[in-house]
Structures are given as C-alpha cells and as structure tokens.
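Please go over the structures that come below.
Both of the next two complexes hold chain A, though its partner changes from chain B to chain C.
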Partner chain A sequence: MLQFDTTEIEKTPRADLLTRHTKKVLKGNSAAAIAAKLSRVSLVTAYPITPQTSIIEEIADMISKGEFDAEIVNMESEHSVFAALIGASLTGERVFTATSGQGLFYAHEVLHAIAHMRLPVVACNVGRPSFPWNIWADQTDSISQRDTGWVQFYCESSQEVLDTVIQSYRLAEKHKLPVMVVLDAFYMSHTSENVYIPDQKMVDEFCPPREKTDDQINLKHPKAFGGLVGPDIYDKYNRLHWESICKVEKETNQLGHEFDEAFGRKYAAVEAVNINEKTKKILVTMSSITTTARQVVSRHPEVGLLKIRLFRPFPKESVLKVLDTVSDDCLIINIDRNFPGETEGAMMQEMKRALHGVPNKIFGVFAGLGGRDVSSKTIENILEVDFRAPGAEQVIWVT
Partner chain B sequence: MVDISKLIEVRGHARGGQGMVTAFEILAKIFSYRYNYEVQAFPFFGVERTGAPIQAYLRISPETILTRNYIYEPHLIIIFDEGLIEQTPVFDGLTKEGTLLINSNKPPEYFKGKAKHIYTIPATDISVENKLGSKTLPIVNAAMVGAMLKILGADIGEAMEIIKDEVPAKPDANAASAETAFRQVKEFTDEHYQPAQNGQSPPAGKEPNWEVPFWDQPMSINKTGNWRVVAPKYEDLEAPCTDNCPAGTNVRKFVKLASEGMFKEAYETIYEHNPFPAICGRVCPHFCQQNCNRIFLDDKVNIGAIERFIGDKNGQYQHKPEPVQYKEKIAVVGSGPAGLTAALRLRKLGYEVTVYEALPKAGGMMRSGIPAFRLPPYVLDKEIEKIQHQGVEVITEKRVTIDELDGKYSAIITAVGSHIGSNLRIGSNEQVIDGIEFLRKLNISGNQEQIKAGDSVAVIGGGNTAIDVARTVLRLGGKPTIYYRRTRQEMPAIAEEVEEAMKEGVPIQFLTAPVGLEEKNGRYELIIQKMELGEPDESGRRRPVPVEGSEYSVMTDKLIKAIGQWPDPFVFSGNEIEARQGRLDEKLAGSKTPVFCAGDMAWGGTVVEAIGSGNDVAGEVDAFLREKEWEKPEKAKEIATHDKINYRYYLPTPGNPTPVTTPENFVNNFAEVAGGLPEDVIIEEAGRCLHCGECFSCGNCLNYCPDAAIFIDDDYRLRIDYDYCKGCGICVRECPCAAIQYDEKNRLSEEKEPKELHQK
Partner chain C sequence: MGLKDKVMIPENEFLITEESIHGGALSCRGCGWTLLARYVSNVMGPETVYVVPACCFSIIAGPNPMNLLKGTVVHTVFAAAAATATGVRRALDRQGKIDANVVVLAGDGGTFDIGLQALSGAAARQENIIFICNNNAAYMNTGVQSSTGTPVGARTTTDPQGKKLPAKNLMGIIEAHHIPYSATASPAFLTDFKTKLQKARDATGFRFLMVDGPCPPGHKHDPDRSIELARLAVETNYFPLFETENGRFNITYTPNVKTPVSEYMKHQGRFSNVMREKSGNGLETIQHQVDQNWEHLLNKQTSN
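Then we have the complex of A and B:
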C-alpha cells in the first residue's frame, strides 16, 4: 500500500498509542543511538568522526550504565569498523555502527563486501562532503556509495531517524540487505527537538530478534566465508542480490504501513505534498530541506513537493504513481545537496531515469552543499527561476 | 515580554565554553515538557573551540515547526558576551518589534537604539558569585536561561527541576544562578524605536575573484584572532648576566655581537657602561658569568674571556673627544675606577673635569692593589690614556681635601677608595705589615725591602688582598701561609684567584685565627686558635667561633695583615664622615660646593661595582647641575631565570676555559698568569650564549604555531599575526629562551583554570 496523501504526515502518535510513548527533546544523533538500543542491537563497532561521534558516544554511555545490553568495540579505523561488522553479523548478531564523510569513504571496499555477502547490517551516516575539508551538511558521501548494494534511507527529522532505524532491521533481515540510514549534519544530528520514544515492548513486537539461519556461522557446521567465486556461479550471487533489491520499494511501503498500525506514524518510500492535476511545479527533495520546503509549498497552491525517503533502490514505481495525475506541463525541479562529479546531481539523474518517457520537463538545482543554509528564501528563489525561458539552463546553482 | 502564542525564533551569540548550546537545549526542554510546545534548538556548529564567537538558534512554537534553516530575522536576540558586539554583527535582522537580552552590568537604556525591547542581566557576576566557570570564561548559561524564562513569560519554579537535571555539573549552583537572574533582569522599552535604515551589518565585501584552486581565500577568511582571551607577544626579558652586572653593562648584547665577530660594536656596547673592558676582562669576578643560565645545562659562558678579548682587540680604538658645552667645572678626588668612570661620563656630557690623584700614577686600587701578574700595568695605562684622550684632566701626586677645592668647582666627587688596612688585635704597627700598603709600595715604586727570599710569611685574611699578598710573597722568594678564620666557602676573594693561589702552592689554613704574637730571636711566635662555624652573622656567613683549648704556635719571619680596608679620612680634612653613595652635603655644613661620593669608600669592593658607582654619581651630578630629577636606573622587573629556559632546545657544548699558567719558578716572575683565548675560540664561546630573554630568530614559534599565525617580516624578524592568533600559548611554552610573554594587558583575568574552561 502506498502513501500518497496530499496532507502532511501526522507526526504525533495517535491518542491510543500516545500513552505507550515518552516525549523527549532529543538530537538526531541521540535518536539514532536510542533506536539502536530499542532494536536490541547486540554489537556496535565504533570510530569517532564529526558530526557522527555523539551517536557512538551515547551508545557507549548507555552500555556503561547498563541501560543497553550490547558490546561496543573501539576500532582503529572505519575500514575495520565495517570489517568487524561482517564477522559479527555472520554469527547471527544484530549489529550497528555510525560514521560520516571520510569514514564512509574509507570503508567503501567493505561496504561492497557487506552488501554482497548479504549481511543485514544497519548503519547511520551523518552526511558531510569529501573535499575541500568540511564537516557540514552534504549528501555527497552517502550518494557516492549508492552503487555498493546498500539500501539507503534519507531522513527528515529526529523522529524519522528513530523510526527508520527500527524499520531498517526488519527490512534488512528479511531481505538480507544492509541498510544505510542517512541524516543531515547539524540540521538533524545536533538539533534538539521533540521525539516520541516508543516503549520497548512495542519495538520488540514490531522487530523480533534476528532469526538463526543456515548461512550464519555455526561452530557445529564449519564453513568458509568470502572465498573465491568462479565465473561459473558469480553472476548468480548478483542476480539473487538484484532480486532482493527489486523487492525493497514495495517492502518499504508495506513496512511503513505496518509501522503506522503499530506506532501511529506513517512512512513510505516517497511522500507527496500538494500534488494534483493543477500542480505547475514539483520540488523534489530529500532530508532536512524537505521541512523548509513544506512551509514554502504551503504558500504556493500551484507548487507540489515530492520527498524521496528511499533513495536506493530508487523508488521508480512510487514516483511514477505520484506523477500519474499531474499535467504534462508540470515542471519537475530536483534539489540536490550533493555533487557527484557529474553534469547533474544524483537526484536529477535518478529522476530522469525513473521518468524516462514521461513528457514532464526535468530540471536540477544544486543547493546547500557543504552546509550552505537552504532557507525558505532560497527555495522561493528556486521557484522564481524561469526554467522555460529561451536558453535557460537545465541545471543551476543557487546560493 | 515576548508573545509566545506563535512561533518565536531566537538567535544567541556567545563564546565557545559559555554554555549557550546547553542553555538553548534546556529552554527547548522546558517549553516541550512544561508547555507542550514544538521546539528546535541547534548550534551553528563550527570548528571553533573555547573563546570563539559562536551562534545558536532556538525555535519554540505551539504548532508544528516547518523550517530547518538558520534564523535570520529573530524575534529575540540573546548576547552572552557583551564583547561580541564589537566583533560580530550580533544585531543583524532583529525584527522591528524585536527583543534584545544582553549579559551586561549596564542598564538596558545604555543599549537604546538597538531594539524596541531591551533587557540586561549581569549574568557574569551572578555566575561568578555562584562559582560557575572563571572570570576569564564564566559559564553564564544558567543565568541566561533564568533571564530568558522571564522574558518569555515562563515560570521559573516549573523550570527548576529541568535545569538541575540538564546542567552537566553543579546543579544547585546553576539553579540558584537561574533563579537570581530571573528576578534581576532589567527591562527598557523604547516606544519610538526605529530600525536603522541601512541595517546594521557592514556592507558585504567584494566577492573575491574565485579561481581554482583558491586555497588562500577559504582559509584566510576566518579571522580566528577574535577567539583569543590571552595574547602572546614578543617581549624581551632581562638576561641574568646583564641583570647582575653592577656597571649596568648589556652583557647579552656584547656576547651576541662577539659571536658574530662584531668586536668593534661589542666594545662600544661595553664602553657605554664600562670604560675598562680589558681590565675587567682580567680582574672582574664576573657576576654575569656566575649567574649564567648555561650553568644549568653544562658550563657557564666564559664571559670574562670574551670581555678581555674585546678590550684587548680594541686597544687602539679611537674615541672621539666631546666638546665642552657647560661652564660648570667638576673636581673628582681619586683616580680609581669610580673616579675615572664618573669623570669620563661627565666629560662626555660636556663638563670640564679634573681628577686629583695622590699617588704618582692614576688608577687607584687597580694600580696600587692588584699585582702585575693579574693585571699588567700596560693594560691599565692604555685604558686610562683613552679616558685622558677624551678630555679628562688627571693631576697626579696631588693629595687634596674638599676644603681646598671648595668654591673652585661646581661639584666635587670624592672617590678615594679604601686604602687603609684594618688592624689586627695583636701586634704593633712595627711588628705587623699592612697588606694593602705592601702591595701599593711594590706596585708604585717597583721594589720593597720588607720581604727577603726564604722568609716564612703569615698572611692573615681571606679577601683578594690576602690572596694577592700571598702570591706576591711567593714571587719575592718568600714562603707564605694564609690563615683564614672561616672556610673556603665563606672566602670573599674571587674563587678563581683562590684556586690559582692554591695551585701555585700557597697553603691556606682555614678555620684559624691569630690570638697571640711574641718576638723570639728576631722571629715571631704566632699563637693560632682553631675556629668552628657557628650561627650566621649580619653578612649571612656563618660566624667563626673559637674552639676552647685548641691553641697552637707557629714560628714565622713576617706577619702581614689583610683583614679589611677603610677609606682615608684625609679628603674630608680628617673629619670622620660616613661615606655613602651620592650627595653628602648635609654632613658637610659650611662647604660651598656640593660634595658627592662614590666608589669603594661608599659601597662594594670590586672594580665593576666602583664603575657602576661612578656611572650613578655622574648621573646624579649632571642632574643636580642641570636641575633635573635623578633616579638610579631601575632594574628590570622580570628576569629570564633558568626555570624559564627550555634547555631541551640547546645542545650541550663544552666551554672554553681561560688558560692559566703556573710558572715553575716564581721568584721575580710577575708575568701575567691568565692568558687570552684566540679569536676563533672567542667566537665559538660567545656562540654558546643561550640568548636568555631575547629572540634569536630560532623559529621555534613559527614551527610550532598550530595556526600558522607567526610570520617573518621584511626585517627578518618573527612576528605574530593577531588576526589569526588564537592565544593558545604554544609559542610561549616552546620558546627556548623566554622571549615571548603573555600580554598582561590583553588578559581578561589571571584566574584561569583549564579544567573549567573545558567544561561543556
């Protein structure tokens, strides 16, 4: 079931579920740490990097106080952080880590290994760019890992981070895929806001312990993991991986629906705001920019908003369904907070791919890179751009 | 009070370490938990640390907050540190109806024109009273929370538990601080407020012409100098060598010049304070050298040898006589180091100066008291000739009193030294030879009849005179023995001279004193009593105490006393005047000409002290004649003592001691004992100087500065770029020679506890 409401998602839990939540003012990083605890993660590997560090710090704090029953292992690098997760996950444990920017780049090789060994690892990435050196909000780090075989969610609020981590373990363990939950540096990682923390029992019911399966390490039945795979069967590994990937979009929507029933908060692969046959322009956004865009869109009846929550695999079906109702002259404007070294931002590339054959014109805007603030004024400025003007660029930069 | 029935946007300005981010989080929690508001609290997170200007934001709203960007047009601006007003555009974008809260002791009216609603709160005082942080960086967040709650119309009682729970430390002190602030916040509303027409922010700078790569621009744009709470600066400290020179010589400077082979400039440096470098190079105890910081590394710099070399090397230096410019004439009585130094100073200032000397040759004690094997007469002659060449008139064999000179001069300086030997308690003047007189006769007339070859001679005393007498006796063929009532440690004689005397074979009987004398067959039986050291006396040295029944007798041919010297009262026409440095008028009622006093008769007993005394008296006389105030030049307050030196940055290097010859046959051998060092060795020795307290451009600061805020200027000097210096102090710590200091004026407070500074 897909969520195409034209109204914004209700954030407050339904009244009947409210008593089973505790309201806290939390930073996005705290929400991630608490989500790992609620998901009953048993092993966390850790290496500090701004702006992620407080996630693993808070986990370490909870473990030391006996509030979180897990092992935390300080590693010597992010490469090792992810490598250790391979071994731990192979034993059947539920594992977690968090990283950012250069840490994620450094782990790149191991990210492939985790995905192709089909390990249900969940990791948070607090997005920051590569170079010049910068610690502020930017999605270039996780975008550059989009071909590693990981599922990627991009969150908009601390609440969404908490809820998405919980859903991710369900998704990951069902389809044997690793999931990366991405939050924006500082706009989310260090912003304190209201978060409703579900009680442990609700989470346990939604996300039961990881099942023991034959492909895990079993001391009674020794196996070799990660050996050389010859040309005769290599492609079979990829094909099976592909088959699972193909199910992720639908699964995401299904999980979002189930989560709503259990917790009172709806999630889906995408979210549409004010998109109908009268819509003249649609802003396509991810993460924290979405919140500000909601405010701008509320002032412009002719402008719609498409939030991409599941970025990898790209939710093609969901996007097409949203755009099914719009007129052919409605413009699709993608806001990219990433620079993938291409003529177009990652979102624009994906949207062009998804909308192949659709008559609507597609434009791209680079905005908010390296933490440049994307204010409501910035978004208003984007809406003022006349993309139809003769000679107008398809891709622009705004500041 | 700020209307909170709709979204309120707050922007805060503070310094890293003041706790603003925590304050905003606490407020968010209060509004969320107590008032069921939607909230957002977040910092503009930079790479900054303690002291850096930072910003944070707070949104509170009864409805869902649909924005995640920074706050540009706040309803409320909070300033945690008043000093930021000058540094950052803190008032930017405040709405017309906006509100301002400033941590300040000033009344809110002081900030009139900045906002419609203005509040002030003395949060720093409140926090310091509650012992939160230090004066340099008080942690003011709890007080600011209290003040903000008041402005936002919230209840402080409701907030108390949350404040106590959320502060990282000292919950009660923080709660008390918030409560005090809640009640003390002062309000001012300006009904006629109009926002400034052009906005408060300075006009935006021209967009740089970006070119790739453009690394200099992103890096230089962040002027981190405004993070600084303490500033380092290059400031020389006095070196212990210079500080300890009684003549005031800039020792560090002449040693440095010598290390660069600039011996003429080095000579001129010494000559500014001391007209006797060749003499002092030989006979000065070198307090500079005794206090050299290099002693704590390996061995002192041999400054004496360097000074001697500079003096000798410039033997032919031509000083230019200065013209006489004043009508006042000055008389100096005594041509010793004090008298001649004072005479030269005054002559160079433009006075006509006449020096009266009782002996046939000028030089005072340098002439009469120091034997030729320590100070060859030609060295003395040369340096005195230079003084005469510069216009100082010296009249010898003229023993004068101040009465004779009275009225003929505008000022009289008495500097007759201490040439009368103190008497022993035993023996008559016929039986006991006076040591200082003995040396004088030999030095002036070149012969003496008192000591015959083979005589055994008992020398009583432990000062330089005793040592010089004993070594002279040795050279006359006698057999000297020194009797001294304390130990070697207490001996006032220059340590090196004692060493040389012992090396030459002069026996010294320590802890002995003569108590009886009897003539026997043309010889003397000397009764010696043994001593032991008791409690320290006024001089700080331990007092010798006789050991009962320890007397023994020795036979000796001659007995020479050298136990102390005092001035000849003849200059005061026989009147017992207590001589002391400076003007003596009040003691000399009736004299028309003002009388001044200097040298050994006033204080000190070494050549270099006499030179310092001469410098001082010359300054005082000139000031008197020119009707100016005179004060003795002040000593530097802070000295680069050894505890300030980073010895790890210096390589241990062996020193070059002064060569000393011990002749095989002493009889009639008055050749100089100590030798000089060659030029290359002198340069090497001067190169061992640690440059205590003075930058020698080693570049350590440049290497260590983590912010690349140290640069080399056009004159090749190291300089600090205060636009970028964060005041971390690493340069101060890593300077080898203590040439970088904290600038006390830019220091906000002396109280600075690193632990508190790093509290979140």
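Then we have the complex of A and C:
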C-alpha cells in the first residue's frame, strides 16, 4: 500500500534520475504511443475509433519516420485487430494495439481467446460507453471485459499511462497474461499534461526483450495451438490461469517497487491518500476522477481517498490493508463511472466482495457516465450526502 | 448405363512425395477434408503454419495437444482466420522466415459468411498467405445448416424444404480483389489440384483456392462415392475448374461429354426434393443456371 500526499499527481522522478528523463507536455494518447515504442513493441495492429485513434496515428507516424522499429498492420475491424495479435504474439513478437468502446465490445470473443491462449498482449483502451452513441469518458466498455481473463489497470494521468504500459509488458510476459491499460476518453486521451519520458536505456534495462519459449510457434518443432480441449482437462487450463491471476496483485506491487527503484516513480495496485484512524469517509475512485478527488480531499481532513489502479484481478489484500487502520464507522463511498446493468456499479460490487465481513458500511455513487464532468463540486455533493439518514439509499446517482 | 461407365476416368497422378499428415484423422468416412490436408501438406512442406478457424477441420486436426499435420497448426476464432494468419505472416517476416508458408484451412462458413470480412481485408492488403476453403456447402460441423455457399435446392436442417437461393459467387468476390492467384480445385482431379497448389505456393501475395468438399453425412450419399461425385460435379459443370493467374482467367478442365446435372444430384439425399419434383421445374432451373454459368466462364476465357 502506498500513502501519498493529497496533491502528488505529477509523479516527478527522483532528483538523481531527472536527467535521464525528457519532460514533455503530452496527451494521454501520445503517452500510450510513446510507451509502446519505449517498450520495443515489434508489431502493432490498428483500426480507428474515437477517441483512441491518435494512439495508432502517432505510432504509424513514428514508424514511418523510422523512429519506431515495428510493423503496423491496418486491419479491417477490431475483431481482426485482436485476432491478428493472436497470430503475431504466438509467433513470439511483442505486440500492442489500442481501441475504445464499440471496438472493445466487438473484439470481446477474441479477448477471451487471447487470455485463454495465455498470450502476453498489452492493449490500451480509451474508455467510452455503448449505445446510444456516446464517445465520452465511461468505463462500461472495459468493465464489460472484466471476466475475459485480462489484467486491467485504470490510469489517472498521462504519466501513469506511459509507466503502466512499460510495467504491463513485464507482468504480461512473466505470467503469460494479457493486460489492458485503460485511460479515460478525452479527460485523459486528449488532455495534455507534463510527462517525464525515460530514456530508452532505462526502459530496456527494466523491460528486456520477450523471451523465446516453447509455447511459441517454432517452425522446426511444429505443434498445434488452441485445439479442442475436453472436459477432462479443460479445468486444468483454467486452474493454471487462475494460479497466475492469483499472483498479479503481489506482482503489481513488486513491479511498482522495482519501477520506483529504476525510474523514481512509485506505483502499486492501489493508492491510499489520507487514510487513518480518524478518517470518517473514504472515496474509492478509478482513473481521472481520482485527480479531482485529490483536490477535494485536501480540503477535508476527515476524508480519505482510495484509488484502485489494478482492477482485475481486484486487489483485495491491498484494499484490506488500507482499511485496516480505519475505524468501524468510517463510510466507504465508491464512485462508479460505469453502468454494468446491475443495481450497483462495478467497483461497488468488487469492493463489497473484497470487504465481506468488514464492519464498515459501503455506499455507491454513479457519476460521470457518458463523459459527464465530475467536478470538484460533484465530489463535494457526494460528500454532502447523508448516507446515515434513515431511508438513505445504498446507491445514488449524482450530477 | 452405370455411373462409373459413363464418366469415371481414374487419375492417380497426384504423387504424395512425402506423407505430411499422421494417421488417425477424426473425419467422417469419405470426407474431403482429410484428403485435402494430405495433398496440401505434401505440397506446402513442414515449415508451414496452418491457421484453422472453427470448421470440421478443427476437429479432424485432433484435440489438444494432438496434431494431424506435420506442420504448425493455430486454431483460431471463427470469424477471423485471415486476420490471425496475417499476424503469423507479419511476425514470421519480421523474423526473416519469409519462405515459410502461412495457409488458412477454412470451411465455407468461415469463408463465405462469418469469415468474409477478415478474408476480404487480408486479400485487399495482399497479405502473403494462402487461403484454402474446403467447400462442403453447408455448416457441416454443427450438423448441416445452410451457409451462403449452400446451393439452391439443397436440403439442410435450416432449409428443410431446400434452399431457395443460389450460392454466393465467392470466386467473383475474390477475383474483385485482384489477387495474384485464385482457383477452384477438386479432389477428383488430382493433377489439376496439385498444379494449382504449386502455383499458389510459388506465387507471392494473397492466394485463394476453393476446393470442392465431398461430405457424405451432409450431402447424404454413400462414403465410397465421394470422389465419384466430386468428379461428376466437374463433369456436369456443377463445380467447374478454373483459375485466375495474375488477372488471366483460364478454364483448366473442359468436359468431353455434356453430362446433365441430374447425374450429379440424384445420388445425393440433399437434392431429393429437387429430384422428386414431378414438374421438373426445379431441376430445369438448376440445369439452366449451371449452363449459364458455364457460358459465362467460356465467354470470360474468350475475352482474355
């Protein structure tokens, strides 16, 4: 667990490492594209969709200028974008793509195939919802993929997008799991902010080339991949997958620690701000809402903030550790920017699951769906809700 | 006059120089798929990656970790075999393995229907892969449902009275992509088949073969008649053999004797409704369509 200052969002590298970074003002999408290049991705498949498109455009531009040594293939759909990654990843390449909303929904069956074929694909998703047409910030697209077997990170800043993509390849290739790095539409994809870009050598040291393993295509030793698996052993494949999934939370924290040592910026599965025995309310957030919440929390000493960075698998142990110090009457308030067709938002569901048996009361708020701005005022409004009032709803909608 | 007396011309010139499949294929008796796999793998050689979407061959190739072929097999999602093959191809090229073949083995569902978008995408990108469709003209793996490759009159479980509309002109669609090589082939014309496989192998860019796929349980005929019927399909012009090589169209086999399509259809239960029709209109219409299509092909060849 990490406890940060309320306003620490820029993630400036440690002083001794500052000269090994270039400071630039970058959109979240640019950070994603640069991260793919720094990670020495060798193959990218692409299909346009707002608001992801500039990621693949910038990658195509870098490749065409010879700055990025990779193959880019313009596919005819997102379904094919991910299906091509099956082939390329299985052949041993380090692959990347990016999509959004409908594109991710369309690729759903392939996401399952990638995860269950244990391919270390890393993809960025710029979150937007489904119908009626809406292209703005919303996590319903990636939340809908939470049962596909992919690891999911939700980023708060352009810097975090860049750093998380790099860490994701380490995680993906070590545990043979695909990783989805999620950023909010427009609030992150098209919003510029300071980003420290590490030099290539630092990234190479942290993230060496993908190893050749015997579960990749080897023309000299032909075998079949993905063939029919009967009931007698299908569960064994799932169990192995589960065993890897069970390691992700710890691995995320370990990688975050190693990343800090190498780059001077800390990361973990969750982040706690101002959470202690005096905390009366804890806001639980993901992505860009976290940044706004930090500002509000800085004005309310009794309010804490729990940022969920790793959402899948849900970092239950880290959450419990954060809440270990709080008093039993501290309220947990989840802010969900997704509507999963349930009475509760996805994060509230996960938090309830994680906090089973914990005495603290858990509430849920739907806010910011379809890109509606979650301003400081919105967060203040959430804090003003009297959840203890008789007849108060467990889940509310705020604007 | 018996069927065999009339048209059977035994052809054994497809010499399997090296057996590139293992024994124990899980196909039905008389299935075209296993024969196709033998011929294809013999021509392509062991350094080939076969990409297989959902189709009968997903089963025939063997359950995990078995592998019928002495080459690499990648099973993939139904709709996107050509996309997965694209990924394999680009990755192999990046690794300098440009001589390895990447071959899709798909059924007609994964070609005409659900796989068409990915197929068209890969063809339009001129991906350096070979796409082979074993056209058994219905979703046989799921129990004989109509595809857009199912011919008019054929009974399937989803068209129990017989399909009302003719099959999609897939070869026309493929040709519109201006690829270096496309052809139809038959397991009953092995020299022709082998030549086409070699041409496909030796060309560069997107290559496409549609192979007639006998299917005793789906077409409702005796398994020992598979090759005989495949031959009749060609002899009656029901499944003509042609190729388009760098834009040049060529009919590769012209029957010596005109044989009515009823000779081909009457031995298959799938056409029993057409054959039973007293007025004969259905059969006449089909014969007319077959004749028209052949005329069209002849004209096309002349205008080359």
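Everything below uses one rule, namely that the second predicted complex is superposed on the first by the 389 of 399 C-alpha atoms of A that agree within 3 Å, B and C clash if a C-alpha of one lies under 4 Å from a C-alpha of the other, contacts with A are read in each partner's own complex, and residues count from 1 in each chain.
Quick note on the criterion: a residue touches a chain if its C-beta (ideal position, glycine included) is under 8 Å from a C-beta of that chain, and two chains touch if they have at least 3 such contacts.
Fair warning: this is a prediction, and the values are worked out from it, not measured in the lab.
K.L.:
Do chain B and chain C fit side by side on chain A in the superposed arrangement, or is it a clash?
P.N.:
Taken together on chain A, chain C would fit alongside chain B, as the superposition shows.
K.L.:
Once the structures are superposed on A, label A:Val110 by its partner contacts, choosing first (chain B), second (chain C), both or neither.
P.N.:
Only chain C; A:Val110 stays clear of chain B.
K.L.:
Is A:Asn276 touching the first partner chain B, the second partner chain C, both, or neither of them?
P.N.:
Neither partner.
K.L.:
Look at the residues of chain A and decide whether chain B or chain C touches more of them.
P.N.:
C
K.L.:
Should A:Ser77 be classified as contacting the first partner (chain B), the second (chain C), both, or neither?
P.N.:
So A:Ser77 only meets chain C here.
K.L.:
Considering only the touch criterion stated at the top, classify A:Val25 as touching first (chain B), second (chain C), both, or neither.
P.N.:
Only chain B; A:Val25 stays clear of chain C.
K.L.:
A:Phe186 in the overlay: touching chain B, chain C, both, or neither? Say first, second, both or neither.
P.N.:
The answer is first: A:Phe186 touches chain B but not chain C.
K.L.:
Have a look at where A:Ser376 lands relative to chain B and chain C in the superposition and call it first, second, both or neither.
P.N.:
So A:Ser376 only meets chain B here.
K.L.:
So, does A:Ser89 touch the first partner chain B, the second partner chain C, both, or neither?
P.N.:
In the superposed model, A:Ser89 contacts chain C only, not chain B.
K.L.:
Which partner chains sit in contact with A:Phe225 here, chain B, chain C, both or neither? Use first/second/both/neither.
P.N.:
second
K.L.:
Once both structures sit on top of one another, what is the angle chain B-chain A-chain C taken between CA centres, to the nearest 10 degrees?
P.N.:
An angle of 70 degrees, rounded.
K.L.:
A:Gln394 in the overlay: touching chain B, chain C, both, or neither? Say first, second, both or neither.
P.N.:
It touches nothing on chain B or chain C.
K.L.:
Superposed on chain A, how close does chain B come to chain C by Cα atoms? Whole Å, please.
P.N.:
Scanning every C-alpha pair, the shortest chain B to chain C distance is 27 Å.
K.L.:
Looking at chain A, which of its residues have contacts with both chain B and chain C?
P.N.:
None.
K.L.:
Which residues of chain C touch chain A in the complex?
P.N.:
46-47, 49, 51, 58-59, 61-67, 69-77, 79-80, 82-95, 97, 100, 117-118, 120-121, 124-125
K.L.:
Which chain A residues qualify as touching chain B in the complex?
P.N.:
So the residues of chain A in touch with chain B come to 8, 11, 23, 25, 51, 132, 135-136, 185-188, 190-194, 288-289, 291-292, 294-295, 298, 373-378.
K.L.:
Which bits of chain A are touching chain C when the two form their complex?
P.N.:
Contact set of chain A toward chain C: 42-43, 45, 71, 73-77, 79-81, 83-93, 95, 109-110, 113, 217-220, 222-230.
K.L.:
Under the touch definition given earlier, write down the residues of chain B that touch chain A in their complex.
P.N.:
Checking each residue of chain B against chain A gives 24-25, 28-29, 32-33, 38-45, 47, 64-70, 72, 215, 218.
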